[in-house]
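Here is the structure we will look at.
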Amino acid sequence: MPRVRITRRLHFSAAHRLAQPEWDDEKNRRVFGDCANRNWHGHNYELDVTVAGPVDPDTGYVMDLKDLKDLVNRHVVDDLDHRNLNLDVSWLEGVLPSTENLVMRIWERIEPHIPAPATLERVVLWETPRHWAEYRGD
Amino acid sequence: MPRVRITRRLHFSAAHRLAQPEWDDEKNRRVFGDCANRNWHGHNYELDVTVAGPVDPDTGYVMDLKDLKDLVNRHVVDDLDHRNLNLDVSWLEGVLPSTENLVMRIWERIEPHIPAPATLERVVLWETPRHWAEYRGD
Amino acid sequence: MPRVRITRRLHFSAAHRLAQPEWDDEKNRRVFGDCANRNWHGHNYELDVTVAGPVDPDTGYVMDLKDLKDLVNRHVVDDLDHRNLNLDVSWLEGVLPSTENLVMRIWERIEPHIPAPATLERVVLWETPRHWAEYRGD
Amino acid sequence: MPRVRITRRLHFSAAHRLAQPEWDDEKNRRVFGDCANRNWHGHNYELDVTVAGPVDPDTGYVMDLKDLKDLVNRHVVDDLDHRNLNLDVSWLEGVLPSTENLVMRIWERIEPHIPAPATLERVVLWETPRHWAEYRGD
Amino acid sequence: MPRVRITRRLHFSAAHRLAQPEWDDEKNRRVFGDCANRNWHGHNYELDVTVAGPVDPDTGYVMDLKDLKDLVNRHVVDDLDHRNLNLDVSWLEGVLPSTENLVMRIWERIEPHIPAPATLERVVLWETPRHWAEYRGD
Amino acid sequence: MPRVRITRRLHFSAAHRLAQPEWDDEKNRRVFGDCANRNWHGHNYELDVTVAGPVDPDTGYVMDLKDLKDLVNRHVVDDLDHRNLNLDVSWLEGVLPSTENLVMRIWERIEPHIPAPATLERVVLWETPRHWAEYRGD
């Protein structure tokens, strides 16, 4: 059966800071530059979630996009939007919120909820329009 | 020989409606929501066609992009632009025009015309800037 | 007091057709080209609503953008999104839905609801990313 | 002499929070919603600076765009990028960092440095791609 | 009668160089930096042409956008696309092709052809997505 | 170990011309159309460089994006920006500067400098927003 990939883009705005708690300020500043600013900075993130699977002959859908949007909002965006990624999110506790780490955690939050036979194929997180990270679960 | 992928983006504007003819209005509305509106709605579609192959040493081309643009216009865009995807397109007869179904039919329309040794690799159809479908022929 | 302009962008997808009911098909086709297609076509519209006024010292706002978004949704977008602009919208009855006519009618729908001292300054309606109309109420 | 307007777009990423220090948490949350989150949130801001004036016959310039970029970086962007707009910026002390207030303060920072006969005409600050504020100095 | 503004965006790709023929290389390099490179450089230009006027009650148009596109292509884009702006364009002879000078010359090329009662209101020329010039004929 | 892909977008503006030196003008014009214009034309190129690898537990990085940006600037962008791709670039000597050939040469310039365990995965070069080439090193 042919497989089609569908993608839904969502967005959230959040504050964060890159710093290792066990390092002192000077080392954090040396490794992370301005991203280590003690008082945080922030971004408008764009999140692209791609699901792959066969097309249902009744609906013409791999998966209802409204369902996809709702589940990503419920499990990811509602927790991150207008929040501090270092302080406010239980499932990011102890995680250094680099784009790489975020995109892997977001994958884990979404993957169990994609209804078979569709599967999560790719998550892309844009920190700015000129920098993004992609995770495919492998 | 190294393979390069080239992509040309084209666009068209069309009306459509998501509904199963054998279902009644109430069921179509329940399954497809506002997309089932009896009087249609529409989109500005963007269509990305990717062709892969070796690079011709004379031209530096995988394939002449003007030829690619012309063949996609002739076999796809000219039939869809400023049309109703449910009513006006012979090669979409009986097809529920979801983004998934459209992208597979568009692949079939383009694939036979790509001149060897180049091959069609990927077709992406954007229904909005926040929702798109991708097909790779498998 | 200094005046600041704030803009909120919203979007909707709709079908429409350009045709004068008193003209025959051939004349409509000659004047409006493909836009006269009997079975409709459609667009992803973007709508930019600009409000101007002094800045409230308590909130730092010309106007609460959530209120602006809510009122434009209530009076405009909810009526147009996933609809047919020729058939489905009571306040567009008898209006030929060109971008020019739409942007003037949308102004009239929004203007009475902007809370003083803020005033509606400009409405821009994008039919495609390469074509838009702007109205300033004069 | 004819007047031409030239614009340079710059960007910065910053954290902020909307809250009145004299209000309690509950009132700030009621007025500012999620923007009042105690632990901040943030944005990728885009800043468009427009300068108007006659065109120098020797250079064809209203103003050297590199000079414009350098002065906006020196007086605005270097102070805001990867910073907290409530805590880290001396010239924003006591300012509630709404887009409206920011765009007026940014105007004041840039305006004295535009070399005559060019004049600052407009500053636009984008908080997201769907929300922005504009100030023209009046 | 209410006035509406409509805009059509067109594009062209061209080579150019900023240099005063009466200056030596060293001075041109000092004033224009890399833009003075003797062997040229180039850009993808975007051109926004805005026409204002009353709305024709028969067509709902300020002006037929296809006519606007055709006349801008005929008088401007066909001469500039895939050309060298310093060498290949008769109506740019002796003009230093800065964005400012280009936008004024483009205005002059378009303005006589706008059919009354519509008038040319604004021409914007984007040299890059982060730098543009605007001319309003005054 | 999970692999994440990170991408950094950079840009440059350059002039070029498509022509085979051993062909006469008429044949070059026939094969390459306007791209063969003897006096060059040019583009705003966007360059997306994707690096894949495991995430460093100390930094949360596949690779420091500032390092990636610096090395692509040093080995690619500094040589191409505001230059003529046919005349000014030693490592493009004898190369017909089609998007396909450029993206392969750019890969070769970057690939040796990506620090293990990260690897270069994909280079995408946009000649316009509607046309791009991609190379993955195979």
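To keep things simple, chains are lettered A, B, C, D, E and F as they appear, and every chain counts its residues starting from 1.
As a working rule, a contact is a pair of C-beta atoms (placed from the backbone, for glycine too) under 8 Å apart; a residue touches a chain by one contact, two chains touch by 3 or more.
Owing to the predicted nature of the structure, the values given are computational and were not obtained by experimental measurement.
Student: Tell me, please, which chain's centre (mean of its C-alpha atoms) is farthest from the centre of subunit D?
Tutor: Relative to subunit D, the chain with the farthest C-alpha centre is B.
Student: In terms of contact pairs by residue number, which of A-D, B-C or A-F shares over half with D-E?
Tutor: Repeat interface, by the over-half criterion: A-F.
Student: Shared interface numbers for subunit C and subunit D above half of all numbers used, same, or below, different?
Tutor: Subunit C and subunit D contact each other through largely non-matching residue numbers.
Student: In terms of C-beta pairs in contact, which of A-B and B-C ranks higher?
Tutor: B-C
Student: Could you tell me the distance, in whole angstrom, between the mean C-alpha positions of subunit C and subunit F?
Tutor: Going by mean C-alpha positions, subunit C sits 41 Å from subunit F.
Student: What's the distance between the Cα centroids of subunit B and subunit F, rounded to whole Å?
Tutor: From the centre of subunit B to the centre of subunit F is 28 Å.
Student: Provide the list of subunit C residues touching at least two other chains, using ranges where the numbers run on.
Tutor: In subunit C, 129 touch at least two other chains.
Student: Touching pairs of chains, which are they?
Tutor: Pairs satisfying the touch definition: A-B, A-D, A-F, B-C, B-F, C-D, C-E, D-E, E-F.
Student: Under the definition above, what is the set of subunit D residues touching subunit C in their complex?
Tutor: Against subunit C, the touching part of subunit D is residues 18, 20, 31-33, 95-101, 103-104, 129-138.
Student: Which bits of subunit C are touching subunit B when the two form their complex?
Tutor: Touch list, subunit C to subunit B: 11, 13-16, 34-35, 37, 39-44, 81-84, 87-88, 128-129.
Student: Report the residues of subunit D in contact with subunit E in the complex, numbered from low to high.
Tutor: Contacts found on subunit D: 2-10, 50, 55, 58-62, 65-66.
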